[in-house]
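Mind having a look at this structure? Questions to follow.
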């Protein structure tokens, strides 16, 4: 049975990854999950300098999901290179670093700093709805997305995954723009912008007012977008958005994802990723699927 | 640290909307005063774990006690659990109170409202360690429906403050402290933010140490999501910015180290 | 205590309405709810001629929500005028007719036919994601939305509510376009396009492949959009998207909605609307709110 | 028609994954054979009502019986309900089988798999009415784990077909019909779509009447959402297109009136 998938020349032992920002750099969850079992660890967004992030409350619960407005707090790329990469290199898993910035230059700086490290791939977060400075604009206009993608591709030594925002009218158009600009792969979806109001205090539940919605509630939107994007481009897709268990992971693969990432559901079930790795093998056995790649886009 | 399906041993209502639950789990064996567990609701429409402080841990019997106030859907559900029922918990989380700070000192434990529960295990552990010169507890309540006072009195002397003045000093724990002329070398506290702010200020003025347990909305409970931060005076070692994670770097902090 | 709200000169006894397509023309749910209690009944979409709608399965369940691809099956405006309006006129509630079409002419025909009837308001559905012919395009491009709104406004004898699609990059832009074209009010959100795949059969759960996501799962997105739209325009807003109970209704009003509509949750609790009418009064009593209009947009 | 919180009286497993539940509700008083109820899961992450046929209604004792197969989250939850537990139901929904069509006729009841349950109340009512000349039931099962057969035999004679041939005729209900040379004036049936299609075709050829109970995904269960339609030969009176709502215009249709 083959569970290996390949994205832009990088081979993953299985398609199960962690979604950026929900798994730190793997340290915390390594108490629950053997990181060697995972296809890849995708890190929290890293910027050129340390970011403070947003004031609290930063998270709020919603029906079947959650809102977050962390605001990309991160220790900056220097600390990341010194501390987090060596930690992750102890494990037999791939390292995908999520990159954030406020300007194109910010992104390019991080990409260049990571060029000589043992990072396997870069995931470019142009879709975070929680940062005032508006990096999300890169991810909401096809022209901007094209520009930033091509500039990053010029500097990047590792393959580049562009992470798309679901807060757009036409995801296929965005996917095509990223591909045309040279992106090696896409990941989607990032969170959908949402809001919660406390009706007793008549205040916003999040200090940032709006936050990103994630969790099982958004899964149907994510599956639809993965499907639409996968029909619009040839490059591989990493699917995410509400994945909780094996069935969800398979659903995303059938929709067109070559790999899948678990986000908010790590918080609900810290063992989710490891269970999924096993679950996928069981599903393949049950339906006599020799090669997991046969599942990709196999919905009719 | 692990997530386990544990058994509810008993449940009782202690006061208006305040419940007392004993849980059977080997997490008890390693639980420290000031640590907390996360409870995952069975209701699948609400996903996030609910952080609840460890009120008591009987390390021989492998049983844990939590005392909580019903405020929303999650704690409402908890209050319906019956003996023998399943409860999904993650523990033990966070760092406890620094027991090594008390040798030869007068330690004052201050609990306000639903901040009282962690003070019970703390009282027990401080008493057992026997290193503090003196241990005094001050518990602040809304009214005369006191809870956990008798439990604490088994280990330390307990003073009471009530908002309505029906028992003990009228006012909050700080009012009781000054009314009774109590002087602390070390304060260990848990309670509402205004109380914690007052303690921080008092400690600074009086030059005593204060360790306070903070609360914030949490998503992961294990340090991964960065949801639960508090502002710190110095750059935090993990985050490299002035934010510490309450779930893993706290919930107990030296009051002078955090901006509250 | 005043629970009356006014939208474009039409006075509603309270802000609780039904969301189009989830309440028929009131007949079925009149077994559960006294229609006299409601602010308004908003009918299922009506076209110039009868529509067959989509093949089945037309509905699927998702986490905290549901997908539908009914495809606007309706008996056409003639039957509607003969049968449904007289039925609704028996009750002391306002009648809002939801209008759908495939071309601008289709819409105009319905609007004109309804001009001489005792309908109180028109709600123009330019945002149904489930009709192949693409009426949704009217609701996804600000220019198209402006055009169709102004054409409808020229013919309409009743005040016009434009119902906005959430499947857009910038809801504020869409809201502003509708207002600029003369819309008297806005309603939002319609469903978010989603998909569900049956991993055992490897087929789409809906015959139409995609469907519209509604229910509690989408509430945070709806609240955010109502908030953003209400900050972008002066015309009143009818808020909807996952409203299940009084707390949800209040949340939408605080976000900026003058009235609210209950959709999918009618299916889960047929008494939901009536319970909400009572619940809102209780909330007002508890917080000593004299006039319900004080709640509109009152989040800080 | 109303939504009520009812009480579970008893629950038993009848066959592999097939459960038998009695519910106390005054809905029983007006229930007709062929009607169904909707069950609302307690698990709040799954919202839609689950349509389940009425298998028996004891109109004096005010109790209803449903027999269902566990296929997903909702029916799984149902199977955990215990005596005395709450169950949220909406009923009675849809139109039953047309009992007025049977006077002097040989009525053949056909149930396939989890389509058998509604046949029980139908057998009971037809027998009680006493107008049919003859009533025969044919029940199709997967294997020898028969269910509801003995219940039905209290009222009518029951023939069995099994897919594996372990009991009765090997094959489906239609195979049993021809093997036993049964000739029907009126067929009333519930079961999987291929069976219903075969019945429709047979009835057309033989010139007999056939009433079949259809299934479709439902959202409201009361005719408001237009989710559950089936194609009809003629324009439907309510919809004015060739679609009838299974929940309110059915679930029982004259087989020749619907396109299946």
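Which chain is which? They are A, B, C and D, in the order written, and residues in each are numbered from 1.
As a convention for this text, contacts are C-beta pairs under 8 Å (C-beta built on N, C-alpha and C of every residue); 3 or more make two chains touch, one makes a residue touch a chain.
Not measured: the values here are computed from a predicted model.
Looking at the partners of chain B and chain C together, the chains they share are A, D. Path length between chain B and chain D in the chain contact graph, taken as the least number of steps between touching chains: 1. Set against the C-alpha centre of chain A, every other chain centre is closer than that of D. Averaged C-alpha coordinates give centres for chain C and chain D that are 36 Å from one another.
One simple way to say how far apart two chains are is to compare their mean CA positions; for chain A and chain D this gives 47 Å. Each chain gets one centre point, the mean of its Cα atoms, and the points for chain A and chain C are 34 Å apart.
Of all residues in chain C, those that touch two or more other chains are 63-65, 216.
Taken residue by residue, chain D touches two or more other chains at 44-45, whereas all remaining positions touch fewer. Across the interface of their complex, chain D is touched by residues 43-45 of chain B.
Those residues of chain C lying in contact with chain D across their complex are 21-24, 27-29, 31-32, 44, 50-53, 56-61, 63-66, 68, 70, 73, 75-76, 79, 215-216, 264-271. Note for the complex: chain D touches chain C at residues 1-3, 40, 44-49, 90, 216-230, 238-243, 248.
Every residue of chain A that touches chain C in the complex is listed here, in rising order: 62-65, 67, 140-141, 167-170, 192-197, 199, 202-204, 209-211, 213, 216-221, 223-224, 227, 242, 247, 250-251, 254-255, 283, 298-300.
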